[in-house]
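Down below are the structures I want you to see.
One chain, chain A, appears in both complexes that follow, with chain B as partner in the first and chain C in the second.
Right, the complex of A and B next:
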């Protein structure tokens, strides 16, 4: 098994979860209604916890301690896609991003339950069940607000159009794509993208929203190229940890 | 401790360790203790979290060590593992009753394919009616959802099926 390829895959999955988990947590106390405040906070807790479990797997194959890895790297060392680091914007933007991301994440973890790398397959079986609540939440609100008022529909459509190129960036290919597939670790980004597109079209088809025109994917995140928004997020997220990285919590 | 440690005895001691957020249910009845092994007077306990991001995991791990130490077991190891991962069917009947008496609707048994239907008409733990609606699948902790009973007009929580 190609260890470099495996690590690249694990880092990008965990980094997506950690960064979006942090963005979700920014809704704590700010949600448009109490239930949504709690929903985004709960999903934040799940995603940060899931990223921790993957950093733990990485630690067991020679990478740093999970806290060090999460808090001590700079933006260019992160492999998350750019979509998850974008600021929350208004609720429609966060909701649409949540829908686009979690639909892909749920399919990714379904695929990973069959991974040839056993620790990942076991964890994926566990995470798969938790993600059902995230996709259920996203789907419920996209369907409801995507068929509600002119304002709700136009807001969601604008966010959808803006996010779509970033969403395509989730499937940026790894330099080790062939090894990952050949080793049976993961069926690859292209296979994931195909299933994702079909699922998104199916749900959007039940609303008054339209699929955006196909546009060029915003790539680079997987290689450490990020928007101006990631470093300030990392500075804030790690502020307390960096005061005393050896503190015992 | 010189005498040989007996597994039944260890399980009995572990029954004292309760969920820190739902102190009426033991970790055994919750189903998060997946294995206990005793070799050469060393007790190894395998645990698995209800939700991967459960912040109570470290407390539970420490509580297991503390309880066994209190009973004179010097050599204890607790492993967190996903080999046998948790799902809500693992809650024992005794555990389900404890949840119910605590005012939390126990999770319905399911075929491991949880969909929204089984959350829609959860039986109200206060009056027993199933004339209830799901308010939100996300409650005060990762493992609880919030429901409302249209019969007794109480809002209640459910330990989520997973």
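Right, the complex of A and C next:
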């Protein structure tokens, strides 16, 4: 098994989960209604927990401690796609990102349940239930607002159009794509993208929204090229750890 | 506006801006939430969530009422679809207040029954009855429960079709719940203080 290829895969998945988990947690206390505030915060917590589990797997194959890895890297050392680091915007934007991302995430982990790399396959099986709720939540909201009022539909559509090229960036190919596929670790980004597109089209088809025009994917995140928004997020996220690495709360 | 919370500072809220109050009565209606802690246990009423419809109520209820400890099933029903009897106290069984017959028309349907056995506690699921109306279902249940060992203080009757149940395949959403100990208020040790307070009260 190609260790470099494996680590690259693990890092990008874990970094996606951590960064989006942190972004979504910024809604805590500010959600549009109390019940949704709690639901969205819980899912953000799940994501951070899932990132921790993957950093732990990385630690077991020679990488740093999970806390060090999460808090002490700079933006260019992160492998998350650019979509997850974008500022929250208004709730329509965060919801649409949650829908686009979690749909892909659930399919990715579903594929990983059959991974030849056992620690990842075990983790993927374990968190299937969490992901099922996340996609149920996203789908229910998109169907609700995607068929409700003119305002809700136009807001969602605008966010969808804006996010779509970034969403395509989730499937940026790894330099080790062929090794990952050949080793049976993961069927590859192209296979994932195809399933994701079909699923997104199916759900959008049940609303009054339209699929955006196909546009060029926003790439680079997987190679450490990020928007201006990632570094300030990292600074804020690691503020306490950098003052006192032993702090407990 | 400068705040200690960086998220608030980032919003650049104009402190001098005039704020218009929210329009009254723009909130959602409520849905009652029932939770089953373990497979085989009775469903219990846990509380209510605000939502525009049953599907939304379900996704809110899941995190509102089953984000800690354990859960094996959940259902929601629009509060307006819960038929409620009057409340009784002490030794009075509420079924004594139920009439001996009720007018009923139309097709028989299934109704779920929930009993309140202690004031201040939750309603618990008891079972279901086929009847033409909630009133008729109560009349039919009367003979079964009028001689109950313990008094029943209140009954909720809900048409089964009005309830949104968690599906068998969705039950995996609670799989990792026992591992989420970090959601418990472990640092908040109140039991000793409550005990000390009770002792003081009894002196």
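Methods note: the second predicted complex is superposed on the first by the 245 of 249 C-alpha atoms of A that agree within 3 Å, B and C clash if a C-alpha of one lies under 4 Å from a C-alpha of the other, contacts with A are read in each partner's own complex, and residues count from 1 in each chain.
Convention: a contact is a pair of C-beta atoms (placed from the backbone, for glycine too) under 8 Å apart; a residue touches a chain by one contact, two chains touch by 3 or more.
All values derive from a computational prediction rather than experimental measurement.
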item	value
Combined model on chain A where chain B meets chain C, clash or fit	clash
Chain B versus chain C as contact partner of A:236, first or second or both or neither	second
Chain B versus chain C as contact partner of A:208, first or second or both or neither	neither
Touching partner for A:177 - first (chain B), second (chain C), both, neither	neither
Which superposed partner A:122 touches (first chain B, second chain C, both, neither)	first
First, second, both or neither for A:30, with chain B first and chain C second	second
Touching partner for A:47 - first (chain B), second (chain C), both, neither	first
Which superposed partner A:144 touches (first chain B, second chain C, both, neither)	second
Partner chain(s) touched by A:67 [first = chain B, second = chain C, both, neither]	neither
Region of chain C that runs into chain B when the structures are aligned on their shared chain, from 39-47, 93-101, 129-137 or 147-155	39-47
Chain B and chain C footprints on chain A, overlapping residues	35, 38-39, 42-43, 45, 126-127, 129-130, 132-133, 136-137, 140
Sites on chain B touched by chain A in the complex	48, 51-55, 82-83, 85-87, 112, 114-116, 135-140, 142, 146, 160, 162
Chain C to chain A touching residues, read off their complex	6-7, 28, 49-53, 55-56, 58-64, 67, 170, 172-176, 182-183
Residue ranges of chain A touching chain C (in the complex, touch as defined)	26, 30, 33-36, 38-39, 42-43, 45, 126-130, 132-133, 136-137, 140-141, 143-144, 236
Chain A - residues contacting chain B, complex	35, 38-39, 41-43, 45-50, 52-53, 119, 122-123, 125-127, 129-130, 132-133, 136-137, 140
